[in-house]
Amino acid sequence: MAATTPSLLVVSAHAGDFVWRAGGAIAAAALRGERATVVCLSYGERGESASQWLAGKSLADIKEIRRAEAEAAAAALGADIEFLDLGDYPLLESPEAVARLVDVYRRVQPTVVLTHPLADPYNGDHPAAARMALQARVLAQAIGVANSDGSFPSREEIIGAPPVFFFEPHQPEQCDFKPNVLLDITEAFARKRAAMECLPAQKHMWEYYTQLAIRRGVQVKRNAGPNLGLPHDTMGEAYMRYFPQVTGELA
Amino acid sequence: MAATTPSLLVVSAHAGDFVWRAGGAIAAAALRGERATVVCLSYGERGESASQWLAGKSLADIKEIRRAEAEAAAAALGADIEFLDLGDYPLLESPEAVARLVDVYRRVQPTVVLTHPLADPYNGDHPAAARMALQARVLAQAIGVANSDGSFPSREEIIGAPPVFFFEPHQPEQCDFKPNVLLDITEAFARKRAAMECLPAQKHMWEYYTQLAIRRGVQVKRNAGPNLGLPHDTMGEAYMRYFPQVTGELA
Amino acid sequence: MAATTPSLLVVSAHAGDFVWRAGGAIAAAALRGERATVVCLSYGERGESASQWLAGKSLADIKEIRRAEAEAAAAALGADIEFLDLGDYPLLESPEAVARLVDVYRRVQPTVVLTHPLADPYNGDHPAAARMALQARVLAQAIGVANSDGSFPSREEIIGAPPVFFFEPHQPEQCDFKPNVLLDITEAFARKRAAMECLPAQKHMWEYYTQLAIRRGVQVKRNAGPNLGLPHDTMGEAYMRYFPQVTGELA
Amino acid sequence: MAATTPSLLVVSAHAGDFVWRAGGAIAAAALRGERATVVCLSYGERGESASQWLAGKSLADIKEIRRAEAEAAAAALGADIEFLDLGDYPLLESPEAVARLVDVYRRVQPTVVLTHPLADPYNGDHPAAARMALQARVLAQAIGVANSDGSFPSREEIIGAPPVFFFEPHQPEQCDFKPNVLLDITEAFARKRAAMECLPAQKHMWEYYTQLAIRRGVQVKRNAGPNLGLPHDTMGEAYMRYFPQVTGELA
Amino acid sequence: MAATTPSLLVVSAHAGDFVWRAGGAIAAAALRGERATVVCLSYGERGESASQWLAGKSLADIKEIRRAEAEAAAAALGADIEFLDLGDYPLLESPEAVARLVDVYRRVQPTVVLTHPLADPYNGDHPAAARMALQARVLAQAIGVANSDGSFPSREEIIGAPPVFFFEPHQPEQCDFKPNVLLDITEAFARKRAAMECLPAQKHMWEYYTQLAIRRGVQVKRNAGPNLGLPHDTMGEAYMRYFPQVTGELA
Amino acid sequence: MAATTPSLLVVSAHAGDFVWRAGGAIAAAALRGERATVVCLSYGERGESASQWLAGKSLADIKEIRRAEAEAAAAALGADIEFLDLGDYPLLESPEAVARLVDVYRRVQPTVVLTHPLADPYNGDHPAAARMALQARVLAQAIGVANSDGSFPSREEIIGAPPVFFFEPHQPEQCDFKPNVLLDITEAFARKRAAMECLPAQKHMWEYYTQLAIRRGVQVKRNAGPNLGLPHDTMGEAYMRYFPQVTGELA
């Protein structure tokens, strides 16, 4: 409706999550020339780095390795990336952490937000990240909520109400994840694959998430209908809106 | 994605439902120059014509009155209209009725379908209409399912997989209606109001549905965010997708 | 609010259901001097009479036995009873059966309706009875819906919108039965017990449903709070409203 | 059942919430001569005072303005009011805050409690208020839980188990708000309107909530049935019970 | 608990469904030396045979082709197969069809039943098959329900209460399919693959369902825990219980 | 699948919960010669010891009494027991408390975990216990998460992914408790009864939970089917799985 500069914000609990789960959407935005920003709340240094712990790496080393990998992946996707280093397993929620996220929202001025869904029996850090992402989004809208340095935002600094999309968890049905948006990432997939290959420790996931993209691509075609002539190799990602879609046209 | 001619199909249990619940979407489509077709499964002659029964009208008279009103309302919206005259209270489901709807789908080639939600404790005809609309949509896709005259469809006659949107019932929370699409009908509202005024027996509803449009308009603005500069008098209608949205861009 | 003569209508799939599940509510109404009417859609002659089939009784005999037992139980509760003899296992839904129920509603003019919940994985007759009870309730409200003899109802014959309460199924959690009304049946329990004892073939159920009444009675007390001084032997029945409660006072 | 003095307790996240959402229930209680107490956990000074921040008011000024308005509104409704000043945006949950609420429960001895529903994607303070209100209600029942001054409650000071009703959020369907109680506030509405007019900064809400009362009033009538002769201008408020209703009579 | 001869009954809407969705469970049963019986309610001749219609085959030819393919697939799995030829698109529910299924239940005496889940927005035949399978299972338990030839069952002919498992639909999240059983089909997978290859018209599905088995195999491992030493190539199928599991040991 | 030594871990909010709700499962494990360990997060000293507070006991005395009773009950069941003494009403969640539970998991190496369900409107300590039990289970799996003494776990010390079963709350329907496992505790019931009798302050619960075991036993039989020849006095406990069952055979 009103003109706003597209800006995608991705809030990721750990350093790798955004690649597997939202890499297609991020790359597609970048390919359209839009700004994409990834915020990693932690490096996933404790919960998702088993092979490095087994190899005897130190905590500082592991963080550094994962940071470098995530930076490379973000670059492959065409996104900016930053790290809040809040710690993982558990990722603790706090007013201070939320305040830092409020700053990010006001700086990035997102028009679209991606994050984890609110339920995940396998990993409590994912819902914790989502709760903080959602709370910060609301606080960043309020002119009476100060920035983390104590200053008050100007009228331009507060944000609007960007739509929030939850990206796909590892075991969707167990996370009450019922996709209501299927994203065609056919064009963007090569970049997503390149980003996945920046994460060598999880090499077995490359094929896993390629297959998932094929499967979601089949659903893109099936839900779009045979008339639309989508190519046989349509690739997809699944999302779940948290807020109702606002539109001027049903389609 | 692929080019298709926009075509809106609205499946309405009774002769007036499409006006109150989907008049904005219909008028908006017409204003964009698109084709809109309303199919009324019944006239609502038994369940929604109390004042006419009390006035001693005959069944035939009541049907005629309601048909004329619905035709006038459709014209005001800019839509074609047809009537299957299946009877109401109850609207009975049957293979024959579904077959007639299959014909409609193949003739209209809808790119978007609107109908009632699947639950309504206050009126069993509404879910019955929805079930038939959904079943016919699937059958119309199959080249092995004959038309109601026994002929088989050609490859061009079968339909794709148009998205289905449920329109808002009278008591949404009791009907498990959780809107996930808010439609901006500001431009189209004048036509919707004109169409409502074609239904003089329910004059008290004119204001009721105008107020509802204002309320849904507030939600359009609230969900779109303060930045978007929507006008103060934004009018809205609420919808619920039945299938996931297929899109090339998250927004 | 407005004055209406209390009249309780209970729609029961089989001849015994109303005793076990709603006997307390029926007896309580009768004790208050109100009219209570039970309609048994079938005798439960096929699905709930295993011992009689094993004893070699004929279908006619079994129906007669169950009818007599149900009449005795209704008398013990203080209720009128009638039988539609629609057959069980399966209880088939049909427009004709619904039309007969419409007649019952218009004759009985219920101010409260009790029936089975809408889900029961163990017995499909129960949801079928509920669907017909709910459909007939809506049809009976419409002045344009004829009686089953073809005559049209007068303004006094159509009914209002009586609240509907689902009574407790045998395995509540499996039937999505979440009680939102706990009824104190302490006074009425002796009558319920007497009615249960009219059903000698299910003697093992007497104690079972007595224990259930004690358990629901504990919940009556627990939800009412320690201050209320309810007696130690409070007996209860659980119900689930289908429509919102209408009240002039929150309590 | 047992005699208790009616006492209504309303737990409101911000200073204005109780007016828009529960003003009818509060005024109705006061009109019946019952005690009504409102506890505002915060003034809504950050999240709901945008116009005052834009006008350059200080935090202290804004709190004072909102306190005065809320006091005027409570007086118009006929209720007592107190403020815990816990801060908003975010309203932080803490054992200390809950302990202060426990004191309130024991002092007020509520027979009915009103608060926000447990989900609200648009405002995290509302569910936070509800969680604290519910937790404090349970703690206040326990004789082993000390008052906030360290003293232990007497047998008379602990509370019973008052029913809890959630009042209507701004976007009910998005908050999983399915009303199961519709309250007739026709008599009380004039007071509610007067209380709304004590909040001049939200003048556009006066009409909005008047229209909502009309709409809920239509549902009061529709669910109560045509026989009951409710006046055309019935006004309503919607509520959702958290615990099952305990009753001696189904109605 | 008590000794019963294992007997697996699979109720499949169309001729191919059982292969893709439950082939692993069927083959595993056969490999354990147990009896497995597949009942196809229709051949899927209209809704799932598009390529054959496009090739100009007659209805009779298509049925014959699909029957032969299904027989070959059942043989590859090690199962018996029979066909009720009830027609598809739509698969119509009727008392007669259910009565034929009751006969099957009494003849097969299943100890485990597999069928479609109860919701599928993409294909109404699947829920229709499930509803009939579930209804027939209940009727087959009742000694008072006659066989379809009018004779009454003996005490040995009526069945027990075999557990029912829903197999995985094509778009699980859209069908409210939340697996609560993950079946290890590693041993049986070669047979499942062989059975899939009996269906040459859907060659693109061979790889699709192989990938799904890998993905569900990953979940088998993830839910079983790293300690269990499952092989890297664990293959799985997902199921959803309809009734609670009965067990003598939690595990 | 792979061989592991059976080890049952029960996480109980208060000192008595494990007896009433899971005593049968614990005793059954012990009767099979398996290890069972109960961890009580608090003694229930404030919220569940009203009679002792009324008798003027001190906090220390009450804790001691409840500890002794719980030890006796655990002994009667055949289980080890330990106490974290975290305090109740409210049971506060903290990283420290979770870290202590992580230690327990790594020491006990559970193959099965039992705890409270995640919702309970009547007692917030129960969901708090469940949340901590679930979080600790995930953290204990990660080799990068230190023990509470700062040391890192060895490869043998981290745990697998044991299934979690929620045991039955006092008002199951209000806690969204839908059992999907019914456990036959007939053999173990005598021990459960003996354990209950170790809790003299809640003597009225002995019979209550005996009746519940009978009722759940009826459901064991009803869901297992008449063919299985279960004894008339089958006793049961109800459970709800949190994760999907992993199995090599559907049954």
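Labels A, B, C, D, E and F are assigned to the chains in the order they are written; within every chain, residues are numbered from 1.
In this section, contacts are C-beta pairs under 8 Å (C-beta built on N, C-alpha and C of every residue); 3 or more make two chains touch, one makes a residue touch a chain.
Fair warning: this is a prediction, and the values are worked out from it, not measured in the lab.
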Item to complete: Give me the chains shared as neighbours by chain B and chain F.
Response: A, C, D, E
Worksheet entry | Rounded Å distance between chain E and chain F, as computed from the means of their C-alpha atoms | 36
Response to the item:
Between chain D and chain E, the Cα-mean centres are separated in Å by 53
Worksheet item: Listing for chain B: what residues touch at least two other chains?
Response: 122, 174, 179, 219, 222, 238, 243-244
Fill in: Chain contact topology (line, ring, star, complete or other)
other
Discussion item. Quick check: in the complex, which residue numbers of chain E touch chain A?
Written reply: 122, 170-174, 176-179, 208, 211-212, 214-215, 218-219, 222
Worksheet, complete the sentence: Per the touch rule above, chain E residues touching chain C in the complex are 95, 98, 134-135, 138-139, 142-145, 152, 155, 242-244
Worksheet entry | Complex interface listing, chain A residues touching chain F | 45-47, 49-50, 53-54, 59, 62, 89-90, 92, 121-124, 174
Worksheet, complete the sentence: chain E partner, complex, touching residues on chain F are 1-2, 4, 8, 25, 28-29, 32, 111-112, 114, 141, 158-163, 165, 179-184, 219-220, 222-230, 238-239, 241, 243-251
